[in-house]
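Two complexes follow with chain A in common, the first pairing it with chain B and the second with chain C.
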Partner chain A sequence: MARAVPVSAARTGARARWQVRWRKWRSGYLFVLPSMLMFLVFLFGPVLWSLLLAFQDASLTQREWIGLDNFVGLADDRVFRKALVNTLIYTAITVPVHLLVSLILAGMMKPLAARWQTFFRAAYYLPAVTSVVILATVWRWMFNPRFGVFNQLLDLGAVPWLARPNLALWAVIISAALTIPAAGVVMYSAAMGSIPADLYEAAGLEGAGAVRQWWDITVPLLKPTTLYLVVMYTIWAFEVFERVYIMTGGGPAYATTTIVQLIYDTGFRDWQYGVASAQAIVLFVLVGTAAAIQFRYFRSDVEY
Partner chain B sequence: MLTTRPELRRMNWSLGKLVVVAILAVTTMISLFPLFWMLSTAFTPASSTIKTPPSLIPLPESLADPTSVPTWVAERAYVPTIENFQRLIRQTQGLVWRWLLNSAIIAVSITVFHVLFDSMAGYAFARKQFPGRNVLFWLLLSTLMIPAQVTLIPNFLLISRMGLADSHLGVILPGLADVFGIFLMRQYMQTLPKELEEAGRLDGAGDWQVFWQIVLPLAKPAAATLAIFMFMRSWNNFIWPLIVLRDGAKYTLPVGVATLQGEFSTDVGLIMAGAAVAAVPMIAFFLLFQRYFLQGIRIGALKG
Partner chain C sequence: MSLTRRRAVQMLAATPVAALAARGGMVDARQDTTPVASPVSLSYTGTLNWYQFGYTPGGESVASQLADQAVAAFQERHPSITVNIVGVPFEGGQQTLDTSLAAGGTDAPDIFRIASDRLVKYVDEGLAAAIDPYLTEADLEDIYPNVLAGVEVDGQHWAWPLWVPPVAVYLNPELFEAKGLELPGDDWTYDEFRQAAQQLTGDINGTQVYGFSSAIQPDIINVWAFLYADGGRVLTEDGSAYTFDSPEAVSGLQKLADLALTDSVTPPEFGNQMLADIVAAFKDQRSLAMYLGASGDIGTYRAEDIPFEVRPIPIGAAGEHVTVGGLGTFAIRQQDDADRLAAAMAFGKFLTSAEVAEAVPGYYLAPPARRSVQMPEDNPAMQKFVDMVSYTQLMPQTPVWGQVSAAVNAQIQAAVTGALSPEEALELAGEEIAPLLEEADA
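Then we have the complex of A and B:
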């Protein structure tokens, strides 16, 4: 009896403590609940579902486990290999061009008055606020062989850019490369602004010219921003879809089919959910590798 | 501070300055050319669109007379017209206004839900103590690595099973699983002083009151930024509404404009008029709220 008292007291004490704690925690859980539900239903669930579909022969009418057959099929699929190669070519050209252009433009804008910087930033960003669908629609018209302004301004004659398998991918790449990478300019401008001015003063006293200072001070100190931009532009390039869908629809003869265009075709034209999911998983691996680096960037602080 | 920078002094060297200004001017023109060309074609009479050399110079009717201007101008001149827009409305039986309305409904809904849910979750992650908080937050951030294309097929199957295929709600709901807003709100709310919340609590305000009446008003700048870039993201979203929506009367503007190309492929003036209708609201929106976009660019939520 004498021993029972402390036990039950401890029990009620523990329960009370839990109640106090739960009351403290409850509001936190309630506040994240709506977002968590959305993530659970429309993101975490679907990702797992997509993993399952990738191992099934799934279409509108049937569903059957086939192990790795979808992935094995992709390895032998000429169209999928073509899509991979097209996407990699697109990425390998547009990413370095975007990076170089944003670095140069940000450097050139830096000494200008604030209102001019705002003006150029706005002029570069303005096209990006309209959907890529709109811009690609215009580019398709500009690449029109006879009446398109591209051939006419460059006096090239009636080059059928989008109809020739050996030219179409280049037309798509040209349209992307001639888009000024506004995000890059903005990011580089911000990073350049936080480089201490005395570094340049010291270099100036030692007689280093503007280009020299740019190369020896600015470029190395921008490395974290460069890394971030490489990752972002690489992901965006891997995921290129609207530009291709509108300009060429992936043709002619799969000359411009990219991974996402192929996922769309496989999933929503041929209704091969299993194969399309396997293609999406491959894209996931590609993007995930690039994004893992971006993820680390979010955690690391940059100091000068 | 800017004036002490050595490269600015060097900028007075006029040739260097001239080169910089020239390059910035040329890149500005390259950047804006597609939008200019879209508007130009949209206002060009159909007869002047398909001809060589292209009509580039808008002239009022009184000046378009070949006798009053040099031949090279007259050859490239056109009298601006709104006939393309009239034809667009007539040929689509006014659907283009429906698309505008649909885009607005979807973008506003996604924005409102995001601002509310993301503020709540951001508040919990910034202020509340509960087990699993950090794990949950990093789990959410890790979704940045998942390309949206991975969830296309499962989300389409899910939406279909929920009976939401071909509905605006089906476009809206999956758009709510997006981590950028939570990240943005959490970062901002961490910087707010805690004293006001504590004072509110001493006055007997409950958790929801503290959030709704104290924290949310303080977080208005971040909420405004979030609202603006969410609106733009959802307005320009393409692949998801393209997949979900079947009925032409339910299309959003980008999807509608994409279909114009298939239906009226030879009528470039009409297509460009459609593109202009889709682009102009976003351009106006950007010019009004320019400064809010920077934050969206910096966290990688806005492409460019």
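Then we have the complex of A and C:
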């Protein structure tokens, strides 16, 4: 029969254990404290505040609790629906294209000598360290109907890519798709380097060709990297803003308006911080749902 | 409505007459008959914060130099006051200004530039102070009535009107000459304008020239001048209802769409062409014969010796000169310190006066809001803009102006690119705007 432990003794024991643990780990806690404080104050705090604002009629100086009205309003908002569809189309096309391009380029780099791999990794990473504003400005020139390289190269005549509602979103998507996905190339390249060579040797002995090896060995074993990239690219695609803002300003006729641009306009132009927060919450739910689905399908227990 | 003692003291102190009488100062501002900006002594000693877009310390730009000189002139007249200019960038600076205003405190802006169509939001939020206690009879006679009406909300005036940049047509005289066309007169009609645009479109000296273009962006109202010239108005005067779906407005938009879709006198990117690209086409590539712009471009063209002419908007179906325009103002932050508020008001008045124009040559970069300001005679293009002020239609006051402007321009883009008919486009804009106005009214 178990002996009952007095409450005061149990408390003393718990305190002692806590003290032991604290003595053992306190330096660790102190080291992460500044980072955690920054996270709480500058990230978690604003996110929480945004969540609260989504249920309020909030302007620059005034606030009133209105429950779900902001979300109900979004359902009836034609511009929001248009922005949502634009963002989904942009994401649905650019994410797979970026993954595929990353995979192909990394695969092409794999057989190269180490110094060439380093060279190409650096070259492909250049767009990542170049401001999106500059890239978008260049793309804007490239799509100029009269002197832009795009029409000239393809001999298309004066197609006004950015000025026609039925073309503008595609022009933005093309500009994004044709920008080398730097992070993907570098990460896939690094991940490919860590796949054991004997797997390829065994497959070769069994008669598998290069394509078969790539498809049956490389691609499946890159699943952890693919998961990370697909989640990150999806988040980045949902958050597209500068590229659209510079290339089209969201026009013509809302043809390229995206959710983040709408959040920016609603918050900072219109001072409707409650509505903007509700839009941000919808975006958060979308991104979260997409990430959950991606985790479900790309999760892998094998890692190299 | 109850009047608290604190509020009563604030109101009393905010009136220059009362405040000065209490201190032995001595001018009844309401009896003052001259439009001089700073006839009264101020009891405030300390700093005023002036949030100014595009200002960089050290006078790197002309506008910054003018701001520095204006401050020096004011401080010379009021040695007890120091003006601290806080430069905020054009891109993203609005958020800095807004959050600083909302935060308040001694570092908050005392005075700030604001376009009149955004003013009502600041009034609604209690961030702007009424200027009526500081408006003299002379001011009321001096400021153009339509301009003063542009800062009126609920029967009170909320900012010092600075200038009015009406929208006009910039012309390249060299391209007119190359085509053997005479420059039009000020009373030209839409048909004459259209004919000129058609004749100017084509190859000129090896360059593909387009007769006309204009920016159509969410916050740029330049092309609305065509709709106004035919009698259209975006909202009712009180800003409570959308009226751009009228036959007059549809007629104006049809004319604009015809220029692009029927006459092909506009560049292919018309509809989503950026203002900077239009200016570059006009002055650098010389591939644009006419475009709609405000007076701000004059300085650039004069500095770079670019040939240009300015004409009013062609007369449309309304049968008289009409144009649209913005109104640049200086608003003063509402605050409890009555002395500081009075000093900020005096500074705002000074910055919008004839006095500052005399003290700082070249101060006014757009047609001034006051009759008493003498513009330099060596700038005939600016004089053309000045002449337009009396018939310039300022945009109505509504707290949802940003959304109204964006919605209308989005559908104008749809119309001029052929995605929608003008009638459908303006109706669709109305469907978007009507609930916003209802909500704003409620």
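As a convention for this text, the second predicted complex is superposed on the first by the 249 of 304 C-alpha atoms of A that agree within 3 Å, B and C clash if a C-alpha of one lies under 4 Å from a C-alpha of the other, contacts with A are read in each partner's own complex, and residues count from 1 in each chain.
Just so it is clear, a residue touches a chain if its C-beta (ideal position, glycine included) is under 8 Å from a C-beta of that chain, and two chains touch if they have at least 3 such contacts.
Just so it is clear, the structure is predicted and the values come from calculations on it, not from any experiment.
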| item | value |
| --- | --- |
| Partners on chain A (chain B, chain C) - clash or fit | clash |
| Residues of chain A touched, compared between chain B and chain C (which is higher) | B |
| Which of chain B and chain C A:Ser27 touches, first, second, both or neither | first |
| Chain B versus chain C as contact partner of A:Phe268, first or second or both or neither | both |
| First, second, both or neither for A:Ala163, with chain B first and chain C second | second |
| Touching partner for A:Val138 - first (chain B), second (chain C), both, neither | first |
| Contacts of A:Ser35 with chain B and chain C, given as first, second, both or neither | first |
| First (chain B), second (chain C), both or neither touched by A:Arg146 | both |
| First (chain B), second (chain C), both or neither touched by A:Ile93 | neither |
| Touching partner for A:Leu178 - first (chain B), second (chain C), both, neither | first |
| Colliding region between chain B and chain C, picked from 20-28, 74-82 or 92-100 after the shared-chain fit | 92-100 |
| Common interface positions of chain A, toward chain B and toward chain C | 144, 146, 268 |
| Residue ranges of chain B in contact with chain A within the complex | 1-2, 4-8, 10-11, 16, 20, 23-24, 27-28, 30-32, 34-35, 37-38, 41, 49-54, 116-118, 120-121, 123-125, 128-131, 133, 136, 140-158, 173-174, 176-177, 182, 207, 211, 232, 235-236, 238-239, 243, 253-254, 257-258, 261, 268, 271-272, 275, 278-279, 282-283, 285-287, 290, 293-294, 297-298, 300, 302-304 |
| Contact footprint of chain C on chain A as seen in their complex | 59-62, 78-79, 144-146, 158-160, 162-166, 168, 248-254, 265, 268-271 |
| Interface residues, chain C side, partner chain A - complex | 94-95, 98, 101-102, 121, 124-127, 208, 216-218, 267-274, 400, 402-403, 406-407, 409-411, 413-414, 417, 419-420, 431-432 |
| Touching residues (chain side chain A, partner chain B) in the complex | 24-25, 27-32, 34-36, 38-39, 41-43, 45-47, 49-50, 53, 101, 104-105, 108-111, 118, 120, 122-135, 137-142, 144, 146-147, 149, 152, 178-184, 186-187, 190, 197, 200-201, 203-204, 209-210, 213-214, 228, 232, 235-236, 238-239, 241-242, 245-246, 260, 263-264, 267-268, 273, 276-277, 280-281, 283-284, 287-288, 291-292, 294-295, 298 |
